[in-house]
Structures are given as structure tokens and as C-alpha cells.
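Residue numbering begins at 1 within each chain, and the chains themselves are lettered A, B, C, D, E and F in the order written.
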């Protein structure tokens, strides 16, 4: 029996080590970016356009661009996704068809984002002739996060105990009333979490917007949804891979990386906080 | 005022309408991919396309063999999962079976947060930190290699693996653990002979999804994998995974050209690979469902 | 009180897909009486109960033959309004299932669904229903509190109050006390007995002693058939069918 | 058979954090007898039971005073090997919890964990345990089948077989039949009665009738105190304490 | 709110007392019909025994229903089981009253043998015992019940005394034989009534103390 | 495996039969001690009544335990409740056998009055009724039980006949009075034994058919 105890000690040691490794590597990345990037951060950096062939100045247009694209994606994807999820879980007859649709949605959630980029390019930029624009980019990002939102909402809805529906129907409530009053309220945290995670994803994505919305440089803020915009992730990519001024723009790169990271992690953090808050309040 | 029944019906149809749109859109994607990708068959046979060893889309005549790209993806992905799976699963087991509640409640959300870090940030980090380090370490001409990409992807994929595996482990009913301990076994024995097997399908799913995450990754590999369209023999060579290839060349490909169709065809291949992985994950999680294990 | 038939079930046959779950069941359920349904697991008690307010409609692939008349109206006719039916036939489930809302909102849920918006009237209904369900004293000071914070027995009585709030005539209960401790169970049983003065109650239980304690009539189901239906007194002291006798004396299976 | 004390509990006090869950409990549990623990919900029955095989160790922040001797040895002394203790004191839980493995592997789990690898010996142990748990005939042809495919009652008997396979001397059961239908319950009760020939059994139940049916001794707990402990016969026909009388005659609370 | 079960228990108790009162009345009437040579009253008393009989059946059914439907335990259980015994005792006492009436009817057809002195005293004592035993039952009063048990001796003594007296009568005048024998039967009946009251008292003691005192059992 | 409860029910039944056998034996011995003027046997029989008394207490405790611990229903419940009644009947029959012995002891001190003819016949009949009622109980045989009920008439007739005969004796010879009265008591005791057997038979019918046939009740 003592041997069993020794096995246990050794094994637990290994597990601890793994955890430590993972946590420290991830921590290292953030700490490193933070350390290097924080010196680049300043009010000007956030509120001014890049200057001098993007070797100086700030990231304001990119920040605005990312916000526009993300907002557009949400406006498009949120209602569609939630409504689709409600239909699939509450109304559609659960059978082979729904299962196939579900599989298709799941699968699209895992399709490389570059594929969405290609689709956006072919569909919105070329076929519908929006050109590279906020509209095309938003729609592409919207479609990219649509599966995430549908899936998260569906899961949230499916997690609502059947008994709530039965209880409501047994009280003589109509189907819509049941969904609206008994099913949706407790499902909101789940739907919200899924949505916010989607927002984070949309804000951080690069590949889908390269062909559909982003431009290297524009100092001017967008005036209409048919304008091209700069975006933070693409901006970072451009700075980091454009060999000529690599060393010179390094502080800018760190700054951009930090802002992007902060933006996305901030959004995700909100999701986590909302989830834990609401979960604590609504329990069954 | 319309009757209650009428109102219900109206609302139902409204939902049907929205659902149809989103499903339609999602299926449109596939339609487009195939529409743009399939024409490549007229230029090159599917077998030559998949197994051709050279990728020279701009030569005259062009060569559309994507084997180097596939091998690039494979090399990078295998490298990534050898890092992500052991570390990820071990961490998940630690969190659910060993760590006390406080540690677990702190670390779990942190790791989930990290899953949201944009890939371009990882790419950037790889580019400015890891690549030079690899270059120095192995004394290479360039630090942008399959290994560098593997490391970055491994780090990127591990939160996915940890998070889903840990969910699977935590949702193994506490009663299994109690049953095992009550039979006079140690915690470790309980973990490996009851908890992990019960969560196995969830853990497998986690690994497959981690792998999918590595395969579908675009920006990171674009930035750190080096970009050479050759079949790698060691991990220390630069490679050009499929995703990186698409994004790198799409800007130059003339709309409607063979090159253009070839890039879409690569997307189709990627689509099928992801589909296969997802189906596998789905199958595994359904297969063992009744044994009480956790899935997504 | 005259014995009036409230529910009349005639030659009811019920299928889940191709599986027959009820086989030619006929039963007369009396007004203002408590009718208990007992029988081994899977014999169709819950199915029968849910036929009475058409909750089985929710399960796809079910089929029903025979007649179910409530107050003389065929509830399975094409013109039946299911929502109206369910307002008349309330239901309480095995596991207490309050909504994750406040106690007040739980009870007000039904009335609100039926269009009552007036705050004073709602308050009135809520108070009355909670009183009828013998839980008013325990919760009157915390109506705004979440219903999830109540104990199991209190939750179940809240669910009964919720069902009473829509002013039904019939209350169906599917093993309403099976998840409760003996003391809460006793309270629920006492409540059920009081409620019969105003309502017709049908209760499913796999606890024979409970059926014996609370009901006026008892039906014994076996493999989808109604083996014996009569006076509770009679069933438990001198059943007519030997299968009933075997079951209640514990000699079965 | 002589009446030997198997477990001796002396002035046991148990805390969850700062909440006292057991208050000065002393009890002598006889060898080869069935001891039932009854009482209202939350009175500390499960806590007491889990003290006996130190399953409470798993809950952080618990504190224990007093003595628990099994066969004369203090199980809470520093030198006690908890793993050995739990081999000696088997446990069966309220909800049947077979592992998601084959029937065979479920029963062989304990012996294997304790180092038995020999196939023939394992087969022997499995067969014997299943026989003792009165489920051998029902499963002998499907030992390779998953245990999850058994019915609730069969699962619970399988869990008993699993506990028997490690050859314990004492079996603790925490409401082993509360989730079962009456027929399965009767089978489990019959089994418990047979098992007492070889084992010392302590069973928690909130079903007084069940305690009355199966046990030799009964202890009545209330708010963490052991109010009365004696012959089952005596407790149910002529209890000494008026609180016991009130509880068993249903006049309590 | 009062528990339903307790209401039913209460109803059982009430009916038992009602039955006790009927039996007491029957005994009183029987003795009265004898002493006052009132054959009509005797007839009436015999007739009204059917009421007691019906109550017996009704009460026994109530008890069985309670046992089947309420699964009583401890004190409640003892109350109901002993209740069924008490019912039987009461019914038997009712029958004995009828027997007294029957003998009274026969005696009333013949001239009086002698004024009854001890017999009414004995009957009164027996009635008191019945009353007290039922009181003890209702009030769960073991002391009273014990007193009833002790009083039985008195009745037995009176019975013996009456028998000896009657024997003298008969020996002196054989024409009195058939009457004397009838009277001795009546004395015997009353003695039995006392015995049954004692049974009830013993049952009360068992019910309250959960201890059997019959046949001098103690532990 | 056989249910534990059934084992206990079985044990109750067995003990009831054992008690029945003891009572039968007691009656037989009582009559024998009378007919054969065997005072020793009478003494012994009186003495051994304590065994019956103890069985009564034991059986009643068993029944109460079963009611408390097993919550029997339907047939089982009727069996146990009627069982407790049968126990009382048996115990009472045991007492009556003792009473017979007591009278026998008294009679044996005096010269025989006349050879007993009807009395043993009557006793035999009563024993048979007891035996048959218990058989009916064990076999749940209502026909046999009905027969027992009908047989009771025979015993009543014999009792009356004996009484009339004894009356003649007494009138003829006053010296026989005290003996004759004792014999008439014995006859009465046997009649009561028959009554108790009838009670048992009625209980059997109720138990099996769940129908009360006492007091000519039918529905």
C-alpha cells in the first residue's frame, strides 16, 4: 500500500510540473508583451493616425476600424444567430434534418478563418460588388462568428431543463409565452457568453478581413460602410512582416499588440464576469 | 386583434425565416468554395493536385501539387500536438483531480481567457521572441521554421485542450470518485482508473479539437513558419502550410485564373480535413455518451 | 356532496411510436375526490396522467385511441383549445420545478400569461394561492426572494400554489412527494387532502402507503392495463384481483 | 451468535466548519446485526455514517472530537491507514453509482486495485460477490456488458457486489433504496437481511417502514443528537422518548 | 391544522365510547328488567343488542381500515390493536346483558324467589367497572385501570356468595331449583361482565405502558 | 428466496396452531379427568394452562410486531388482525378447560351422579369444532368454516338437553343439586367452547372473503 502512495506522489508531481509549465509560458507571453508594449502606450498613440510611412504616430484609425468591423459583425450575427438557435431548439422538429444542420454549423465553427476570408472575397467583394469595405468585412466576420453564436445559444437553450417548458405549458401558457418568459431568461447568461466570445474573436481575427475590408494605411476615418478601414490585427501583421522598417517600428508593434491583446482579453473577461455573476443569480 | 393561435403561428414563422437565412448563408459558404475550387479539376487531376510534389502556380505551365503544403501543415500540426496534448491533458487532470478548489477556480478562467488571445499576437510573439531564440539555439539561417510554428501552435492549442478536457473530467460524477475511494484506493488510482477513462471521450474530443485548432490556424503560421513550399525533412526547415499559402497568394492571384481556383481548391481540401476531424470528434463524443462521460 | 363524474376515460389506448403504453383503459374520475394511481415502474401511470392535460402532445410520435371527456367534452377533439384545457387542468410534477424567479413571479406566472396585468389583482391572486397551498406563512416576508432558495418541500408547495393560481378545476400530480423527506411529505399529503374540497385531484405515486393515506379512489396499473379501480379502502383491505393483492402485499415480482 | 460490539462510537462531535453536525453521539454497533439510522432530513445520519469510514475526510474544514473504535482500534488515530480502513468498511451509496465499465470490471475493480491480477482468482471473486449480492443469475450471461445498461435495482445490487468483492467486514449503506421502485426495494431489503449473516451492516434511511422492516437495532437522530437507540422492535412498538414516538407516529414537525 | 389521521383515531375512540355507553345501558336495563320484573324492558333490551352488534362490525372495519391505510406505529398501533380487543369484549358484554334479559324473561314468568339484594349490587359494581375501564381507556389512566383489575375480586366474591345462598335455597325447597339455577346463571353472567371489564383495563395498561400485565406477567 | 415477511407470517401461523393444539389437548384432558374421575390429570391440566397463557402473550406480541414492522395490507392484514382475535378465543377456551377441571375436581370429591353420556359427546363435538375451525383457518377453507358455524347449533341443543335432564335429577333428589349444578356449569363451559370455535370460524370466513358474516350480516 505504501507503494501506491509513492506512485501517487510521483504522478502528482508530474501533473504539477505540467500545469506550471503551461501557466508560465502563457504568463510569459503576456508579461513580455506587457513589459515591452507599455512604454509605447500613450494618449497620442491611441488617438493619432500613423505617420511617416507608418513608422511613427498612433493607431487611432486601426482602433476605430476594428471597432466598426466588430460592431458590424455583431449587428449582423447576433439576431440571426440567436433566432436561428431558438428556432432549431424550440420549434424545429428534432430529427435527421436538424441533426445535419447542427453538424454543418459545428463544422463551420471549425473551418479555417481564411476560408471565410475567401468566401467574403468571392461573395461580398466580388459578386455583390461591395468592394473591400466595412460592410464586406463586417458581413464576413459576422458569418465567421455566426456558428459560434448559434452553437452557444443552442447550448444555453438546451441546458434549460425541460421541466421549465413543461411547467409553463402546464400552466396554460402559449408556446411563445413559454419561450419568452420561461426559457429565454435563464438562458440569457449562456447566450451572452457565447456572443461576447464571438465579439472577442471578431475583434482579433485577421485573415478574413485581409481581402474584404482592411487597407494598409489610411489616415482618414471611415465615412460610410463602403469605406475601407485599417484594423488592429492587420496593422500589427503589416508592421511585423514588412521587413524594411521592422526594427524601427518595433515599439509600435509592441504597443499595437498590447492594445489588441488588452481589447480582446478585456472583452473576454467581461464575458467571464457576466457569466459567473448571472450563474450565481440564476440557479436551478 | 389576432387570435392567440394566430400570433403563435406568426412568431414561429418569423423564427423560421431568420433560421433559414443563417442556415442558408452557412451553406452558401460551402457552395462558393466548391464553385470556385472545383474548376481546378479541369487543369489538374485530383490525385496530381493532392500528391503533386511541386507548387509553382505562377510558372508557365504552372504546377499545382499541394503535397508540400499538406506536409507543411502536417509537420506543424504534429509538432503542435506533441506539445499541447501531454501538457494540456496533464494540466486538466491536475486542475480537476489534484488542485484544491481555490487554485482551480483561479486558473480555469485564466486559461480560458488565454484561449481568446488573437492569433496575430501569437504570430508576433513568435516572430520577435521565439524565432530569434530558435535561430540562436540551433544556429540556423532563419528562425522561421516548422519548429517555431509548432511551438507557437502548441501553446495556442493548449488552452483548448485544457479547457475541454477539464470540463470532461469535472463532469464525471463525483459519485464515481466516492465509489472508488470507498473501495480503498488512492486518489491517483481513482484518477487513472475511473475518472480519466470515464472522461476519455471528452478528452479525445479535446485533443481532436486542439489539433483542428492547429491545422486551421492561419496568421501565426503565416508569420513564423518561414513560407517555403517544400516537403520538410526536419522540423528545423521553413514550411508553408496550406492556410498560410492561401492567404499569402490570394492577393496576387487573378480573379478567375487557374491559380485562383487552385487556392479555392486548397480551401476545399482544408474544409474536408476539418470536416473529418469534426466528424471524428462528434463520433467519439456520441460513441461514449451513455457511459456518462462528458463531451463538449 | 353528490358524486359527479369529472373525467371520463373510455377505452383509452396509447402508443409511443409502436409501443403500446396504455391498453384499453376506462376510468371514471369523481369530482372533488382524490384519485390515486399506483403500480410498478413503467406501468403507464405517468402516461395516463399526462394524457389528461395533453402534455403528451409534446412527445412526437405518440398516438391515442379512445375517448377522454372532461365535463363531458372530448379533450382530444379537433376543436379543443389545448391552452384552455391546461388552464383548467393544472399539473404538479415529481421534482419541484419552480422557475428561477422570485416567489411572487412564480405564482404570478400563470395569471400573467393569461393576460392579468393589474398589480393589485395579481398580488391578491398570489396571496390567495400561497395561502391555499399552506405556504403563505412561511414565505410572506420574502416574496421577492428567489424561489430556488426554498427547501424542497417548500418548493413543491410553491409549485402547487403556482398551479392553483390559474384557478384550475382539476389538479394532476405526478409523484409530488417522491423527492421529499417524510416531514415535508406529510405536509404535502395534508395539503392535498384539504385541497380536495375545491378541486378534483389525480395523483400518481409509487408509494402505496401514500395512496392509502391520501386518496378516496385508487387505480392499480400493470403493464399499461388498469387492473383494478375502486374505493381506496377496498383496494387496500380487500382487493378483488389477485394481482392487485399480490402487489400491495409485496408478493409481486 | 454472541452479541459482540463491532463499532464503538464515544462522545462523537462533528463540525462542518463552525456548524456542529453531530452532538455527543455514543453508540455501540453489534457484529452481524443490521443497525438502521433514521431521523428527519439534515439530522446528521449521513454525516454519522461517513464518519465510520472516514469519507468525511474528503470534505475540507471538518473537525471531529470523540472516539470511533472499530474492533477496538481508534480509526482516527494518526497511524490509521485510511485506505486499509476503507477496505474493511465498505460503502453503498444512495444513488447507485456503478463505474461505466463492464459488469465484471466493476466488481473486479476493488480486488484489482489491491493488487490481485490472477484472472482465475478474479473470476472467482466476481462470481462469488455477485452471488452474495443475489444478482448472479440475472447477469451471469452478460458479464462483459456495460453496467450502465442494468436497471436501477440491478445497478444497486451490483454496487453491493462491488463492495463485497473487497471482502469488507462492515457495510455502510446511505439510503440504498431511496431511488428505487417498490419491487426493487423489496429485493434489496431481502438481500440486506441475508447479508447480515456475514457482515455488520449500518443503513441510513429516511423511510421508517424500511428501518422497521430490515433492521435489528434502530437509532433515531434529531438535530445531530442521537435521541434513542435500541431494539428496532422496541423503537417501533414502544419507544421510550416522546420525540421518537412523535416522529415515528408522524406527529412531528 | 389537525392531522387527518388523528381525526380518524378520534372518531374510533368516540365510537368505542358510544358502544361502551350502549353496553352499560344494556346491562343496567337487564338488571332493571330483572329486579322490577319488567319483561317489556327485557324484550326491548334484547332487541337493541343488534345496535351494539352493528357497532362492533363498524368499529372493527374502522380499525382495519386505519391499520391498512395509515400504518400506525407505537402508541397509535397499540391503541388500535387493543381497540379491536375492547370491541370484542364490549360486544360480549352486550351478549351477556341479553343473556340476563333472557333469564329475566323466564324468571318473570314464575313467582319471585326472593328480593334481589346482592345481585343488583354486583351488577352495579360490574357497571362501574365497565365505566371505569372505559374512562381509563379514554384518559389513558393506568391507575384507574389497576383499580378496575382489583375490583374484580369483589365481584368474584359476591358471585360465590350468591351461589352458596342459592344452593341453600334449593336444598331447602326443590321447587326453587329451576329459578335458583337461572339466578345463579345471571350471577355468573355478571361475573363474566366483570371479567371483560378487567380485560379492558388490562388492555389499557398494556396500551399505555406497552407492558403486558395479564397472567401476572411482569418484567 | 422466500420473503422474510412470509417467514414471519408462517411463524405466526405455526404458533397459532401450536396454541390450538394445546387448547384441544387441554379440553380433552379436562373431559377425561371428569369422566375418568382423574383428579391428578385435572390438576395437571390446570397447571399447564400457564403455557397457553404465555403463548397468548407471545403471539400477540408477534402480531403487534408484524403490524408495526411490516405494515401488512389486504389479506395479510386481515390474517394478523383476525389472528389476534383467534388468540383471545383460544386463550379463553383454555380458561374454560381449566374451569371444567376445577368443577371436575369438586365433582370427583363426591360420588358420581350418573354415567356421563351426552357431556363427552358434546365435548368431542366442541373439540372437533375447534380442530376444524383451526384447519379452516390454516387452509383458508371457508366451507369448512361454514360447517363449524352450523355445527354450533348441535352443541347448543345438547346443552339444553343436558340442562333439562339435570333439572329432573335435582327435582327428584335434592342431594344431587350441587353436583348437578356443577355439571350444568360444565355443559355451559363446553357450550362456550363451541361458541368460541364458531367465532374462529367466522373470523376465517371474514379473513378469506373479506366479508363479515357475524350477526347475520350479509351484503
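As a convention for this text, a residue touches a chain if its C-beta (ideal position, glycine included) is under 8 Å from a C-beta of that chain, and two chains touch if they have at least 3 such contacts.
All values reported here derive from a predicted model rather than from experimental measurement.
Considering every other chain in turn, the ones in contact with both subunit D and subunit E prove to be C, F.
When the C-beta contacts at A-C and at A-B are tallied, the pair with the greater total is A-B.
Per-chain Cα centroids separate subunit C from subunit E by 49 Å.
Per-chain Cα centroids separate subunit B from subunit F by 92 Å. If you average the CA atoms of subunit C and of subunit D, the two centres end up 35 Å from each other.
Shown for subunit F are the residues in touch with two or more other chains, namely 3, 5, 64, 68, 71, 73-74, 77-78. Along subunit A, residues 4, 174 each make contact with two or more other chains. Within subunit C, residues 83, 186, 208-209, 212, 236-237, 250 each touch two or more of the remaining chains. Listing the residues of subunit E that touch subunit D in their complex gives 3, 5-6, 71-78, 210. Against subunit E, the residues of subunit F that register as touching in their complex are 50, 53-54, 56-57, 60-61, 63-64, 67-68, 71, 73-74, 77-78, 81, 84-85, 88, 167, 170-171, 174, 177-178, 181, 184-185, 188, 212, 214-215, 217. Of all residues in subunit C, those touching subunit F in their complex are 208-209, 212, 236-239, 245, 248-251. Those residues of subunit F lying in contact with subunit D across their complex are 1, 3-5, 64-65, 68-71. If you check the complex, the residues on subunit B that touch subunit D are 100-101, 173, 175-176, 178-186, 189, 193-194, 197-198, 290-293.
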